[in-house]
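For reference, chains read A, B and C in written order, and residue numbers begin at 1 within each chain.
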Amino acid sequence: MTDVLYDLPGPRARARNLVIAVLTTVGVVAVAAYVAYRLIATDQFSELRLTQFQYTAVQQELLNGLLATLKAAVIATALALVFGAVFAAARLSDHALIRVPATWVVELFRAIPLLILIFFFYYVPLQYKLHIDTLWALVLGLTLYNGSVLAEIFRAGILAVPRGQSEAAYAIGLRKTQVMVSVLLPQAVRAMLPAIVSQLVVLLKDTALGFIITYPELLYAAKQIGSRGSFDFPYVVSYLIVAAIYIGICSALSAFAYWLQKRMSRSRRTAARPVPIDQAAAAEAGGVGGVGA
Amino acid sequence: MNTFLHTLTDNGELFWRGFKTTIELFLISAIGSLVLGTLLAAARVSPVPILRAVGMTYVQVLRNTPLTLIFAFLVFAGPKLDIGLEYFPSACVALIAYTSAFICEVVRAGVNTVSPGQAEAARALGMTFPQVTGQIVLPQAFRSIVPPLMSVLIAMLKNTTIAAGFSVVEAGAIPQYMSERGENQFATLIWIVIGFLLLIAPLVTLQRTLERKWGVAR
Amino acid sequence: MRVQRLAAVAAIATLGFGLAACGKSGTPTATPGNGASSGAAGTGDQCVSSGANLTPAGNVSLTGSPTYDKVKSGGKVVVGVKADQPNLGYKDASGNRCGFDIEIAQLVAAKLGVAKDKIEYKEIPSANRETAIKGGEIDYYVGTYSITDKRKADVAFAGPYFIAGQDLLVRKDDSSITGPDSLKGKKVCSASGSTPLQRVRDKKLTEDANISEFKTYSECVSQLLDKRVDAVTTDDAILKGYAAQNPSKLKVVGKPFSEEKYGIGLAHDDKALRDFVNDALAAAEKDGVWQKIYDGTLGKSGSSATVPPLERY
């Protein structure tokens, strides 16, 4: 679409575009130079500030943080998929008694800020002398929120299979479960896989909220390392390192989701239209998916 | 039930202060990220390759960074570079930087929903790029942009709670204060949820209404 | 699509770079000082223990304590500590822990018959201490934990094993803050849920909007150095450690305006353990172990040492 917005540039347009391009380049270089200047002027990469990153203990600290992040993400993913499947099934139920409460639950958990959900599992049990690890407070919060979003994705995936498919299946005498298991699900899974992967990126990013309840994940490790006064508070370096790790992992997952989507849209093995993988794509076809934190 | 009510009434000033800050944070960041997001989207569909690259890089980086990390960077690393802000403006900047990447994508995708024939016809009439986008494409894209835009803004409203971890006393910081005061945490959190539901409900209703109204027309 | 693929390649490259960078510099230089660091790095990050004799007791006679039963059957003890307070509770870049609180924790563990390497440390921020003890997340807590009546409703305290006072840490070139009465209009930072913070609020030492709070004091110190706040307030023992880390930029005002009795936080109803820990502290104060620990840790930042009388209840 974007290339039909404008004609092939003529001489004047070419000149104007060149000016804009030069201005943009100058702007980008200026910003980069300013940042570089600030980094150097404030001596962020001084020997003292870099010292601790050379120790295996500190590298181990970062690695432990990363592993804690991945651990929370993996457990929460597994639980959220189960939660999503159960509630998607409930929302598609023919019985209002099941469908209506399930709808309310899904809507509610999508409306509560994730941090507040995590606080529920963090502050409340302790008040009643129950002990919940920060890991589980984080995981349960992530599960309820992402599980609810996944429930919507699953539902959208099932509904994306053309009605004719289930009608035909009913017509040849299949029962409800059979229709779901052998006709709808196999096609829906393909349609919603990219959206699921994309939601997992959101979930992975959201594990960083563990920082606020002092779950020792990657961001928390970065803060610990950055706040060491005897190394002149190397916050900048430690945050840049974890930013590279987060961006690396999340970009790889996002790219995988896009790749899946492209593959799905070419594939002829499902009649269902792919479930849009994020808010952006949702503009093209009213879909679900999260922004995350 | 009595304790439940008292949790709110005894600490009314704290809840008021918290939610007031949340709303301020939301309004400022919403306007900021709408402006920045639209500019970014314009950059991403512009005829200038470098402008497109800048827009794409920004979106790629910001979308794949946890918002909490952006907050932490602004509050702890920023001052080290002598470019730090106060805590409230830092929170606004973090929210705007993060949310605008999503808004950019929504606007760009909305542009893609308009049939190419529309732009081609406009161009055949001799319209320039600003005319094509401003008079033909964007007005039509608007109806498919608004509902997902609302979703992004709702997500941002919820994300304001993260500022609590960075010395901004908004709704998300209330549990910490209440814990210090030895108040019932369950009741506290329920009241906060109610507060957020009250804030989100009108946004969701508006979103669904528009979706229904414009969804049929498409 | 080509753009997407490029992005993927870039992403994987970034990730690979990140991992490679970690691996490459993985020289096992566990002892600070002989790495790349020069003399400038010798600001006392490396943990040194006081050398006090803390051999685990052979036969422990402690009955009726659920916490001890758990320790005994598990063969380890979980201790709540802080990790960012020099000379009190600190973890250095090699992962070693040291400080007055840490060694007091080790002392108690030794009396419970637990060896140093069987101690599991958990870093618990101020705001979560009561809940961590109540919830059984830790067996006991040693980390600048002031004994207050309000906290006694939730947890039990052995001790006090030290007395500190609330003071102010300011930038060295700042002469406008001379004590608690000169804080009006100044930005003050402290840890969420700490007594010093509550005192600032209760006594209205500065305006509500001027109070910043973070999870740990070291974050406040960073903000102080960056001029985001004007003073960090907490106990002098803690502040002196930070001032010692950065003597050219920070100073302690030196006018304590409270009395903080540091206790060991224990489960509320475990009186048997409380009495046992009090006995352990009394013994250590008598046989010179307390003094030795003190001289080798807190004494280095120049606080005065007086053995506080135990408050048994």
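Some points to look at:
Rule of thumb we're sticking to: contacts are C-beta pairs under 8 Å (C-beta built on N, C-alpha and C of every residue); 3 or more make two chains touch, one makes a residue touch a chain.
Bear in mind the structure is a predicted one, so any value in this text is a computation, not a measurement.
C-beta contact counts were set side by side for A-B and B-C; A-B has more.
Taking the mean of all protein Cα atoms as the centre, the chain whose own Cα mean lies nearest is A.
Chain A and chain C have Cα centroids lying 35 Å from one another. With centres taken as mean Cα positions, chain B sits 16 Å from chain A.
Chain B and chain C have centres, each the mean of its CA atoms, that are 38 Å apart.
Listed for chain C are residues 7, 11, 215, 219, 222, each touching two or more other chains. Residues of chain A in contact with at least two other chains: 123, 126-127, 223, 227, 233, 235, 247, 250-251, 254. Shared contact sites, meaning residues of chain B that touch two or more other chains, fall at 60, 64, 76, 80, 165, 179. Chain A makes touch with chain B in their complex at residues 1-2, 4-7, 9, 13, 17, 20-21, 24-25, 28, 35, 38-39, 41-42, 44, 111-116, 119-120, 123-124, 126-127, 201, 205-209, 211-212, 219, 222-223, 226-227, 233, 235-236, 239, 242-243, 246-247, 250-251, 254, 278-284, 286, 290-293. Chain A meets chain C in the complex at residues 47-48, 50-63, 123, 125-127, 129-133, 214, 216, 223-224, 227-231, 233, 235, 241, 244-245, 247-252, 254-256, 258-259, 262.
Chain C makes touch with chain A in their complex at residues 1, 4-5, 7-8, 10-12, 14-18, 21-22, 25-30, 32, 35-38, 40-41, 43-45, 83-84, 86, 93-95, 123-125, 128, 131-132, 134-137, 215-216, 218-219, 221-222, 225, 242, 245-246.
Partner chain B is touched in their complex by these residues of chain C: 3, 7, 11, 127, 150, 192-193, 198, 212-215, 219, 222-223, 226-228. Note for the complex: chain B touches chain C at residues 56, 60, 64, 76, 79-80, 84, 86-87, 165, 167, 176, 179-180, 182.
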